[in-house]
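Okay, got some structures for you below.
What follows is chain A paired twice: with chain B in the first complex and chain C in the second.
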Partner chain A sequence: MEIFVCLRQTPIIKGEPKIQMDRKSLDLSGLNRHMNEWDTYALEEALQMVQKHGGNVTVVSLGPKETEDVLLHGLAAGAAKAIHIVTSDQQSIDNWTISNVLNHFINKQPFDLILTGVQAEDDGCAEIGPTLAYLLEIPHGSMVVRTEYEPDQNEMKVIRELEGGYKDSLRLKLPALLTVQTGINQPRYVSTMRLRRFKKEATITKLSFSDIASEIKALSPRVEILEFFPYKPEASQVQWLKGEPVAVADQLFERLRAKGVL
Partner chain B sequence: MDGKILVVIEHRENEIREISWELLSGIGRWAESHKMELEGVLLGYNQEEFVDELAGSLSKLYYIEDKSLIVYTWEYYLNALIPLIKKVGPQLIILGHTSMGMDLGPRLSASMGSPYLPDCLDLEFNEGGLVVIRELFGGKLNCKVKAIPSEHYFLTLRSGIFNPGVERKGRKQVEKIAHKFDPEKFTTKFLELIKPPQEGVDISKADIVIGVGRGIGDKDKLKVVEELAEATGGALAATRPVIDNGWLSGERQVGQSGKTVKPKLYIACGISGASQHNIGVKKSETIVAINVDPRAPIYRIAHYGIVGDLFEIVPAITAKIRSMK
Partner chain C sequence: MNEDKFVNQLKENILDIAGRCRNCNYCYSVCPLFESTRGFQVQGPSGILQAISYAIKWGEIEGNEKEILRDILYSCTTCYSCVLKCKSRATGVPILEAIEGGRRLLVELMIGPMPKQIKVLESLEQEGNPYDELASKRLDWLKDLRKERSLNNKLLPRDKAEILLYVGCTASYDVDLRNVAPSIVGLLEAIGADYGILEQEKCCGYPAKKMGEEGLFNDLAQNNLEKFNESGVQTILTISPHCSNTFINEYPEGIKKFKIQHYTEFFAEMIGRKGLNPKSRGEKVITYQDPCDLGKRQGVYDAPRKILKSLQGVSFVEMKRNRENSLCCGGGGGRMWIETEEIPRLSETRVKEALTLGAEIIATACPWCHIQLEDAIKTTRSEGKIKVKDVAELLAESI
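Take a look at the complex of A and B:
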């Protein structure tokens, strides 16, 4: 099986994100970044599939220079190839454009399966998977919590997670695209030492985002961020209980007892 | 503003899903204030009992009936909706940000060459384009997103932002649409709907629920919340990361993909409050949140907020409750 896994690198934000003066961009400098949580499960699922059925995993990511860290992680975890579609530092690119650029690269390659996470921690859009499947003209299964490759039929049986404990199962003709839900597997641990070794030795194929984008006819963004703004606390009804743990416990107990819930 | 809005109705196991009633009520009011017509489309089979009720809340209901539409699959829905949208010409096509909306929305909008705006909290027309409000980084930040001018805009709206309860007096106009599918050409085959397991604890039946999140850090540390559950006589529930890590079993999962709970008291321990979690607990009568980050979105739905280390606060609460019994 030839499997492509699309990875995104996301910043780890603790506390309040810093909005730039123009309100149209964020100051993400100095923040640690990691592989989008959902994508770690997509990568693991792909690696397990090729371990079982043979083939290769190629990891692809679009982003600025730092993005190569998630690709190195992919290689160190067991991917055979890594493709970095390099963007400039502060470039904000909508998911429609990203999907088109990924399509432009992937559709020239032989593949059986594309995997990606259900959604990204940063924008939570869950948009690229089904959009890329549309562009590649292949079926998609989203929110996948179990996969079963059926080589004789060249099909993939999947279980998808719906709401309230409901699931459904589908059979997709390959090639297909799946968006992978967290919890489907246990992503493997990659040691820092191994990562360091790959940083020295591994090869990442670099492609230019703007070169690819310019080859796509009539490609333009469909959405644009007008402004960022912090959450407005007035919408909250919370009553803060402050003090030492014992004092807080006393206050809480009194209030809950007064309300009749304890 | 003239024009039409088309809501795609959701159903499962012969019930219209809550999100659809929320959209009919919330978007219904929005449509009225924008002088737009609210129409809906139901893709189903043998669902006459809902057709009347739905049509009462809409200017018009399109009912596409076929045996294959008992359940949702992207390929059937896409196949039937594209010609309908072309015929009806709605400016806005609205879905819930649910497993169905997330699965269908991106592909449907891309197929129609239109912008897609997922998981919206609010929407407005502005300077000739559609502007929506959405969250980023799990609710740490909001943003205004503008779509390019387009004939159609596709949106998914978050569950729980509108209350259901439709009071509009529609014309009960129903247009039944015959659509011929050609499943031979389809690439995706629906196999079965898997119902939630019935055995084990039912956290949705408990009067007190103690929720535990990623902040607990490890399976070995669960004792602290188990003791609070025991002292309060409550049920222990957990967020997705706790279940994903195998620290507690799946039947205890609370939130959109797990169970919705509405207990008298919900105590969230080490839960940051992702929207998928909050949707499943926000109807609890009293919500207490204990977290280290004062900006965590859990405090937006909490009645009582405590900022601090759950390993210090939770045992103090447990001790207090035990001492008062």
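Take a look at the complex of A and C:
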């Protein structure tokens, strides 16, 4: 099997990061970054598939220089090849553009399967997988929690997670695209020493985002962010109970009893 | 890639150690894992050693049972009891070196660590602590203390001091231990010590070391050593014995220029001197949980006892299993973050032992023993009958 895994590097957001002056995005300076959590599961699923059925995993990511880290992680975890579509540091690119650039590249490669995470931690849009599948004109299954490759039929059977505790199962002819849900597997841990060895010795293929984008006709952003702002809970909805745990439990009990819950 | 060479070296070391084991099984008599599980061979030191060595010999490390092997290797608390027993009764096999080597091997082969430990390692790398807490909040306890009283502490390495109080991650962040670091600061102030605290302290690396992440451990060790050197201190006091043991026994050679002490050693020397004159306490009966990393690893048994016995009006009673025979609380070796079979929990056994002595307080000098025993007091419904206190808290309250 030849499997592409699309990886994204996302910021690790803790505490209260600042918003940019234009109020359209987060100030990412000083934030650590890592592989988008959903993508770690997609990568692991791909690696397990080739371990079982043979083949290769190619990881691809779009972003500035720092994006190399997630690609190195992919190689150190067991991917055979890594493709970095390099953007400039300040470039803000919408998901329609990203999907088109990925399509433009992947379209020219032989593949059986593309895996992406269901969504990205930073924008939560869950767009790139289905959009890429549409552009590539291949079937896709989203929110996949289980996969089963049937080599004789060259098909993939998947189980998808729906709301309300329901699931459904699909059968897709390959080539196909799957967006992978967290919890489908246990992503392997790649040690610091292993990452360092791969940093010295591995090769990442570099492509220029602007070169690829310029080859795509009439490519322009379809979405404009109007404002980026934090959620502010209404103060009256929150009451902090203070004190030692036993005292807090007593207060909570009395409040619940007063509300008729207990 | 040099990976094969590195992996082969790890395997050879393990096989060499395993080859020295005579299967006499003396180690089982002191193993807390064996005591608290169903008693399978692989739930004891020699059995764990054999499991990893046969997996290597038969080429089964990455086979279908790799997760079972992983679970076996990571169930050990690394309390060191087996090593001491083997030294005294058998051939002195460095069993733990092989078990920890096995963990390093599994991490290199991307089989380890345990799934719940992965987030711990990520937190160590990103925030310098294993608790997924912000690095920027590490000194919040000190900021809060400075609001209550004026302090003479220095901030290192910006300032210079004679003593570095290495607070450690648990004492910095854990709510249950919120009084421990302030108690020690209070004691240092009382004796007029010239002490400082690192402005940007990071984990000593113990969790990374025990989980088999040698690269991350080396990074943390190097970072800390550089800060220690910049700060110009001569003595490093630690709150956690895991930190002092890691510094003394696992850090690079450069650490040897510093005098490393657990705080109990330091304050035991100060009793009766320089303003450290303990007075009476209300509670009467105190027992003591010997932390494995303080006692078995560093041989520090008398210092905490000297402090406890100096508290006037206190009756000190020894646990039946004490000193090198002390029962592990179950929290070491990375087990704070995973659930393993324990029937009953080791910490619950310890609480029950303390209750049979009529103890009102279990004193300890280790943050993880403290947390384990605190939880066990709740799960055995012993609240109101006994409580856990750090030796530092007891001493600080009495002066």
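We adopt the following convention: the second predicted complex is superposed on the first by the 250 of 262 C-alpha atoms of A that agree within 3 Å, B and C clash if a C-alpha of one lies under 4 Å from a C-alpha of the other, contacts with A are read in each partner's own complex, and residues count from 1 in each chain.
Here, contacts are C-beta pairs under 8 Å (C-beta built on N, C-alpha and C of every residue); 3 or more make two chains touch, one makes a residue touch a chain.
Computed from a predicted model, the values in this text were never measured in an experiment.
Q: Which partner does A:Asp112 reach: the first (chain B), the second (chain C), both, or neither?
A: Touch partners of A:Asp112: none, neither chain B nor chain C.
Q: In the superposed arrangement, does A:Glu201 touch chain B (first), chain C (second), both or neither?
A: It touches chain C, and chain B stays clear.
Q: Pick one for A:Tyr189: touches chain B only (first), chain C only (second), both, or neither.
A: Touch partner of A:Tyr189: chain C, not chain B.
Q: On the A-aligned overlay, A:His34 touches which partner chain: chain B = first, chain C = second, or both, or neither?
A: second
Q: Looking at the overlay, what does A:Glu68 touch: chain B (first), chain C (second), both, or neither?
A: neither
Q: Among the partners chain B and chain C, which is in contact with a greater number of residues of chain A?
A: B
Q: Based on the superposed arrangement, let me know which partner A:Trp240 touches: chain B (first), chain C (second), both, or neither?
A: first
Q: Considering only the touch criterion stated at the top, classify A:Lys14 as touching first (chain B), second (chain C), both, or neither.
A: both
Q: Now for A:Glu45: first (chain B), second (chain C), both, or neither, which partner does it touch?
A: Neither partner.
Q: Under the contact rule defined above, give the chain A residues that sit at the interface with chain B and also at the interface with chain C.
A: 14-15
Q: Residue numbers of chain A touching chain B in their complex, please.
A: It comes out as residues 13-17, 19, 26, 95-96, 99, 118-119, 121-131, 133-135, 138-143, 157, 159-173, 176, 182-183, 220-231, 235-242, 245-246, 248-250, 252-253, 255-257, 259, 261-262.
Q: Please give the residue numbers of chain C that touch chain A in the complex, ascending.
A: 1-3, 6, 107-108, 110-113, 115, 118, 121-122, 125-127, 134, 136, 213-216, 219
Q: For chain A, which residues are in contact with chain C within the complex?
A: Checking each residue of chain A against chain C gives 12, 14-15, 32, 34, 77-78, 186-197, 201.
Q: Going by the contact rule at the top, pick out the chain B residues touching chain A in the complex.
A: Per the stated touch rule, the residues are 12, 71, 73-75, 98-100, 102-107, 110-111, 114-119, 131, 134-148, 150, 187-197, 208, 232, 240-241, 243-244, 250-251, 253, 256-260, 264-265, 275, 285-286, 288-289, 293, 295, 297, 299-300, 302-308, 312-313, 315-317, 319-321, 324.
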